[in-house]
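We just call them A, B and C in the order they show up, numbering each chain from 1.
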Amino acid sequence: MTTALAVETRGLGKRFGGRDAVHDLALAVPAGSVFGFLGPNGSGKTTTIRMLLGLVSPTAGEAPVLGERMPDSGRSVLPRVGALVEGPGFSGWLSGPANLARLDTADPGASGRTRRARIAESLERVGLTAAGGKKVKAYSLGMKQRLGLANALLRPRDLLVLDEPTNGLDPQGTREVRTLVRELAADGTTVFVSSHLLAEIEQMCTHAAVMSAGRLVAQGTLEALRGHEGARVRLRTPDPVQAVRVLQSAGLAQIEQEGPELTATLGDRPVESLVPLLVAARVRVQGLRVDEPTLEERFVALTGEGFDVAG
Amino acid sequence: MSRAEPARRTSGAGLALLGSELTGVFRRRRTWAMLLALAAVPVLVAVAIRISSGDGGGPSRGPSFVTGIAGNGLFVGVASLVLAIPLFLPLTVGVVAGDTIAGEASTGTLRYLLVAPAGRVRLLLVKYAGAAVFCFAAPLAIVVAGTAIGAVLFPVGPITLLSGDQVPIAEGLGRLLMIGLYTGLSMLGLAAVGLFISTLTDVPVGAMAATVVIAVTSQVLDQLPQLDALHPFLLTDSWLGLVDLLRQPPDWSVFDTNALLQLGWVVVFGALAFGRFTTRDVLA
Amino acid sequence: MSSRLVRWLPAALAPVVVAGAVAAPLVAAAAPPSLPDRTPQQVLELVAKAKSVEGFSGTLQQTSDLGLPELPTTGAGTDTDTASVLDLLTGDHTARVWVDGADRSRVAVLDDMAERDAVRDGSSVWLWDSKKNTAVHVVASGKADAAPRTTTRTPAEIADAVLSEVGPTTATTVDTTQRVAGRDAYTLVLTPRTDATTVGSVQLAVDAATGLPLQVEVFARGASSPAFESGFTSIDYSVPAASTFDFTPPADATVETKTLTAGDHERSGSKPSGARPEVTGSGWSAVVEIPAGKVPASIESNPTYERLTTAVDGGRVLSTSLVNVLRTDDGRVLAGAVPVSRLRAVAAD
């Protein structure tokens, strides 16, 4: 059965030769969410994913996945998990379907009878049916990426771990992956996506976590992450002096005036409550808008690093 | 509610994985290239002897196997095997055994097999079994190709054994088969060494080279009289014991000796491979 | 972390298990088996009784450590005849032996990629050399029967005879029992009563059940490991198949036939030589002298001669831990299991 949290790590840590790759990580991935896993290169994302999949054993803490502890419960957990880790990996001398068959055979619980049908279905889902019998070494990077996704979808899964799923895909492919993820999420599958493409996370995810230098710096719903406390109200008026007084009495902080432009931090006050106050004080309002911080600004603020924004 | 099928163990899942592993090994062009190269050894030997046998080369040149070929084509397989045992054969076994884990790591398939989940012990066993099958396929390729080309180029008759006795063709072919199997058995220890080395690295070429170096080193040590006491325990010590199957009556005890020796190496290096592979962090 | 250590446990245990499996039989073999005490007389009776063994087959291992320099036994430039004779005496060899009764036997010396066989079936003996692809058929004609005279004496009588014969020169004792070729054996030790020999002792392992001597070790004086050792590593007392003694040379082999008549079969192996060698002294310290001219002079031109021998006053000496050979400047050859000084003394007489 699926617990409320599909992944819940506690104090998870990994040291490589005296250096903390991941430190005291407490991830909480709600079941049914599309969870974005963000962080600059080297922040410990991949190490975390490898620990969740039992490829790397943690040096501290534990990593329950689908309610069972990894890596000890790999046998029962992993068949329910589809994964794409650090790019696709296939034997170049075998065809796509042969590669999928090989990986499916490696799963002791996968039925040999339905294998052929499941492979065909999975290939169709990622749009690879046409490539059929070609050897994988003749595949383009994008085709390999699709084949990697097909592998993750060979069986119905409770959790999909997708590391940079749109890597190497053209815009069309990227859109298809996004649609695929939404479909899977609609079916109830929890999707754990790591990406360096912030825009992608913003478009796909319901939740996200941000890693920096091996530590978790923030996690939660996308809304919560953007953070409303940071929103600023921007007011244009020919009566700035009265307006400042009104905003002050309304409890807004950090009020700045530059000619007819006023800006102030909104705090938890709803913006619609400001307008009647201004009107009552006979402040003529030429324009009013709220600037919400983008996830990118939030990210830079959290990690102190720039980000490779989608191009 | 879980949407995934319950992870029930289908019986024979290990066999299915082994079948898939063998398909993987034997669908590779590289495997066939190596088997063909091995099969080319007897062809070269036979053709060279066929061409030069007109010169009336004296009977005392070279080991009696080689001189026996002109008289009896059935010797080509054994003579070629003896030629291939010091280097060619361990080379191909080293390539296959060194590739077992490191090769999967380098193509990135290792992480997907483990996530599938193949299970580390199960994967290790299947990988070794695949290499072991190659250990037998390689010498048999030489013996079969040698016997075939020998039958084409030279007269075929009852086989003269080292003891001077002659056995009928059918029994002789049986001996050849046993010699092929004996040599396959001889390679099992080396395959285990290769498997272990393969778990140490993500670079298959390194693992292959190290495995071959060990085979060669072992043979060099086997030649040093100062290390007499060590010789019976060397990986390669029983490799040429196949000649005892060409005596009359055949000395079957070499099979037991060889099997015990190889078993010892397989146990030690299998355990090392197990220790390494089940505790290692898979970063490739 | 501890579960990781557990996974390395097999790797730590495997060498121990393998070493144990290797050592266990060695340790078991090292422990002397408990057998009823026997006097030398009784052990010799046992040996005499061994004639009743109908047949057996086994593997024989011969090793010698005579203190000779390492000789190239193969490769270009070696005189193959000399080398192979020298090699048979001094090298390490494995042979397989089959015996059926008194007159059928086969000895196969196992060489690398080759084999030398001696197959005897009654009065017919085949000598086969696979490397040379030659077969020599020796046929004894008339009375010349290769079989030793069958005696009607009882084992006890034979033992008596042997003891009284060796008694004056040799002390015979029974040492701790041992295991040879997986069989319990008595150890019969023959110790020369004289100091004038290089031989310290000869130890014979005698199968406690069948009386067959399973191993001979010759110790040089003061040495703790044998200079020469020949013994079975495995033995099977079932009568070998008759086909074992049935030898037909291959069609393409060079076959030579020799017929022996009554007088000369005993010397069939050696080159014909007219004058008998002269023996000085008796027992352990006997010295054999071959007169000048009977030894081919060509031996001096053999490259191995220079390497094997050292110059002494009056000749050159081939010195081993057991046997010394002196070739005097006037061409005589003296040999014996005695110190070089004794050889020179005899030569000077």
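One rule holds for everything that comes next: a contact is a pair of C-beta atoms (placed from the backbone, for glycine too) under 8 Å apart; a residue touches a chain by one contact, two chains touch by 3 or more.
Quantities reported herein were computed from a predicted structural model and do not represent experimental measurements.
Each chain gets a centre from its C-alpha atoms; the one nearest the centre of all protein C-alpha atoms is B. Ranked by separation of Cα centres from subunit A, the top chain is C.
Between subunit B and subunit C the centroid-to-centroid distance comes to 38 Å (mean Cα coordinates, whole Å).
For the pair subunit A and subunit C, the distance between mean C-alpha positions equals 84 Å.
Each chain gets one centre point, the mean of its Cα atoms, and the points for subunit A and subunit B are 50 Å apart.
Residue positions 4 of subunit C each touch two or more of the other chains. The residues of subunit B that reach two or more other chains are 279, listed in rising order. Chain contacts: subunit A has residues 57 touching two or more partner chains. Residue ranges of subunit B in contact with subunit C, taken from their complex: 59-60, 63-65, 67, 71, 82, 160, 162-166, 225, 233, 240, 243-244, 247-249, 251, 253, 264, 267-268, 270-272, 274-276, 278-279. Touching subunit B in their complex are the following residues of subunit C: 4, 7-11, 13-15, 17-18, 21-22, 70, 96, 108, 110, 112-115, 117, 126, 128, 130-133, 135, 234, 241, 244, 247-250, 252-253. Against subunit B, in their complex, subunit A makes its touches with residues 1-2, 50, 53-57, 74-76, 78-81, 83, 85-94, 98-99, 101-112, 151, 155-158, 187-189. If you check the complex, the residues on subunit B that touch subunit A are 1-10, 13-14, 16-17, 19-20, 23-24, 27-30, 107-119, 122-123, 279, 281-283.
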